[in-house]
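Note that the chains take the letters A, B, C and D in the order they are written out, and that residue 1 is the start of every chain.
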């Protein structure tokens, strides 16, 4: 049975990629999507069978990769990731059917998309260093092709792809180094070998491996300061691809950290987890801050991904810290919270990116300052975005809330310990969490309110049309899942607990209990999301009925009058007078001026006749990523300077090249001698 | 500020014209206001004499608020539109818009002689006409400017208190 | 059955008490300004009239505009039903969690901010932006304050937090609780748009925060918003007083205890309300960009509370 | 005085000390800052008094009374006199803005908490657990001397440091010897007097009390 699953996933994916590249334009997307679905279905079946039983799927063959062979094992942790990825992939590929006509039906895209999905599905299966690295690289390359889809139309896409390529390969190099170091010291390249030997390694080796892996995987997960590629690539990738990248691929960054930190190395000293928490704190605040001040819809979503991964890292770090100081119950809760946050994030961020993609297709812009009024023009997309926004803002009764509640409970019950460093880092984490929460709410009120409500700020927005039916279906499916998981998180909690137990070596299988209300055994904390939502629904109904009943039929006027908005009686009132995303974020931006350091240009030109009359005022403000500006750009400039210096080495003269070879040979000989 | 003063003002308000007589019989019975009247004030071109008296009617001495009358910031929140002055050409359109922006049931109160017949501004080049030329007036409060007692009296006639 | 009655009577009390508290605070204010002032029940009269009036909506608004007021009231009603206001044993008391309550209330604020943006006017956007800014800065203070109290009580369950105060008065006198509650009070004032954060009786649009968001509402919608906001104020103040001076709240079943608890709640909230009103008369509104100082202060108070909670254990 | 009352009184008084330290960073009006300082002095005295009553230590009670008089009333009055000469008694533009310095002070509190952990473990009385608050007060005092511009703020910072040291001393041991505490307080008093004289001189010469502007004397 094991072989059937794995072979189906791989073969269907491969076939989809081939057909996507070979078939004519009319049928290639449909064929690719259908086969990708087969692949996803098989993956889900495999994952469900692993999660519902105690044994793992394992398979190894030497037929595919020369020298090392392929080793595939799916444990409970991997299974959780596989399910999450396939859910997002199913929705995104369905959406792709409708999106394809907007520039995503090219041979390269139709071939890369199934390849991307399949490699993501298979990464959690990988159980040897070589297999893992090959699949990881496949995933990176396929997604790179997808980011490049729009490059002919937009310069920004090319630059984003460049950043992505460099960062992802730097990350891959770190991962490669970490895994190779590990396998060299452990004396075996399958994960099972490593796992048995890793605990006997010296602290220095383990620490080095951990830090390298954290850097490599952290960059994939968008942890600050390795995040710079993420807001570019996720924003520039076409709709379904950015949903897959933000909803599924970043998960694998976290998977990698758990894989190396918890599974392969089997946990570690306190400083590891403090480091993770620190990454998390910085990412969460930084991401939330930029999401709150960004006025590009998809860039905002991408920064929010960084923010959410920060929360996951905080939860992971807290779990490790609690485990290290001997508090298994809270460690388990924090681990479950981390995975729940991750799963929820995939669902709502997938929905949000799909909705944003639909907006981009309908209006041709992602600039919030040019959008508005889309809730009426694109009702389904609008509602999807609305639900996604409330979910990411962690508002009940949507799914984001449950994860944050669990995390708060874990931190609250874990906080009073005697270990000072734990107390301090957890307290800092709580403060960061709280700050992030408020900023995220502001960011998504802005995105929803400016983008979808009010009146359209440009012709494109006022003439937008609802997306194709498959696009709506794909996005709506994920939005529906947001609601379902918000009301009944117990649907996934058992699976998550099993995964957490397999990952964290903690007894997480009974971290939470209950069907209608969520109990934390051993601790006093209960949450009843469905009852809460039920009460809310009843209250809403009662209020609506009351409001309706106030209108008497004898009244000579209609119950509700649709009028021009009140503009203090002024004669001209246009949509441009509304607040824009930039103005909405201005107060927050001003509060955090010292952190973001936006650049502002105010250019006033006076009339020639008199300085007291102004001819034109130009105000320009931009808040590009401060880390990119302060660290990466100077670094790149430095590298470029050295590059320029090094050019004289290479002037095309054959003699000079031969001379280099000769000098090198001599040096080698001297060294050897 | 002493606590004694604080207590005294809390219990016995001073400076107030206490007795403004019994509540007059309601003048306008078509609208059920139930003792609550929110007013949006529009100055359609007044000399500001009426504004002074309106301010005075809501200030401590006359305190129209104790009869359930309040000035509000948006016509959406208002039951009555209080217009002062002759309607100038520039204010005619905003006045209409303000009335349109009010929810039913709504009233228009014109205040002061100018609002009624343009007063000394009658026939001036910038004047469009009296308030009733622009919107339908329900209640008129006469005077140039009307005394605060008269204003309060008229408003009490509307709230019925 | 009795639990349903408890829920209904708590909601009814807050529903009537909200407007009355508003009237009381206005009365105190007028008296201190040397006026007689409207009767305390005036807001109830206003509401009765508003509910009989026509509703209005801007031409280009969507369903969100109509949903805002409804959700605002519904969220307050939902949390009022399950919170320990008059009794420490409210319905679903097990799952009446402080974090959950705060996030449900936040849902109401968010919907209101969204519906203000839905009006398509400059003022709506301005109010929404400002209130979201303040909300974003309040949130850290609020959550850390809750955490500080929850650490000391070892749970974030609301009835348990109140009961801890009843059973161990020293918990209330601990710096953790006091600091956290001080921070909570700052947040309450900020979230319900009172001075010195926001002036609820301003007529000048450019100085508005909360009022700017509701400029577009008329009739029953406006009534719902006024009702919801005042209910939220009473609810939050009720929580505040029960965490500060829990005495009087019904700690055992029985209609008599419940009635006493309700009376005690009314008295306590009234005292706090009058105090706030007196304070407001002598305070000027802060500049918008000075607010971060106040809220950062609130945050630091809460953080200190959390630190002392951990230190004291 | 039973155990619970004792420890909660102690906690409140110590909490008040650090709270006042925060208030000095929070408020801009120098008068309000000095008022906070006075409250802090009284709270510090109360800490000593409570400890003294609890341990039935007459010397400590005397010290407590002296602290209340000196730090709650004498020193603040002197500082207020300095202010009486300065018309603009507001800390208008500190080097670090108010929200950031508040958050910074919060971080310093954490730092104090972290670094004093071994000491706390050593003392192991209910008073000893509050030592971090004293250290935090000290750090905040230093911090406020660094980021504030006005001469009075600098004095306040110094006094905060002194109060922090005193709090730690009270909490950590059975009480500082009377002489030491008096000596320290006298030192501070002396400094205040000197600064006051200096401030008066400054004011009469340059009509500013802003230390940054003293740099110009350098040229």
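Keep this in mind: a residue touches a chain if its C-beta (ideal position, glycine included) is under 8 Å from a C-beta of that chain, and two chains touch if they have at least 3 such contacts.
The shown structure was predicted, so the numbers you read here are calculated from the model rather than taken from an experiment.
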| item | value |
| --- | --- |
| Contact-richer chain pair [A-B vs A-C] | A-C |
| Whole-Å separation of chain centres (CA-atom averages), subunit A against subunit B | 58 |
| Subunit A-subunit C separation of Cα centroids, rounded to whole Å | 35 |
| Interchain centroid distance [CA atoms averaged], subunit A/subunit D, Å | 48 |
| Separation of subunit B from subunit D, taking each centre as the mean of its C-alpha atoms, in whole Å | 57 |
| Multi-partner residues of subunit A (each touching 2 or more other chains) | 423, 427, 431, 555, 557, 561, 563-564, 566, 568, 591 |
| Multi-chain contact residues (two or more partners), subunit D | 99, 106, 110, 113 |
| Residues of subunit B touching at least two other chains | 74, 76, 101, 103-105 |
| Pairwise chain contacts under the document criterion | A-B, A-C, A-D, B-C, C-D |
| Subunit A-facing residues of subunit C, complex | 51-52, 54-64, 69-71, 73-75, 77-78, 81-82, 92, 94-95, 97, 99-100, 103-104, 106-107, 110, 113-122, 124-126, 128-130, 132-133, 135-144, 147, 150-151, 154-157, 160, 205, 215-216, 219-221, 224, 288-289, 292, 299, 303, 306-307, 309-310, 313 |
| In the complex with subunit C, residue positions of subunit B that touch it | 1, 6, 9-11, 13-16, 18, 32-36, 38, 60, 63, 65-68, 70-74, 76-77, 79, 101-105 |
| Subunit A residues touching subunit B - in the complex, by the definition given at the top | 555-557, 561, 563-564, 566, 568-571 |
| Complex interface listing, subunit A residues touching subunit D | 420-421, 423-424, 427-428, 431, 591, 594 |
| Complex contacts: residues of subunit A adjacent to subunit C | 292, 372-373, 375-376, 382, 386, 390, 393-396, 401, 405, 408-409, 411-413, 415-416, 423, 427, 430-431, 433-435, 437-439, 441-442, 445-446, 448-450, 452-455, 517, 523-528, 531-532, 535-536, 538-540, 542-544, 547, 550-552, 555, 557-568, 573, 575, 577-579, 583-588, 590-591 |
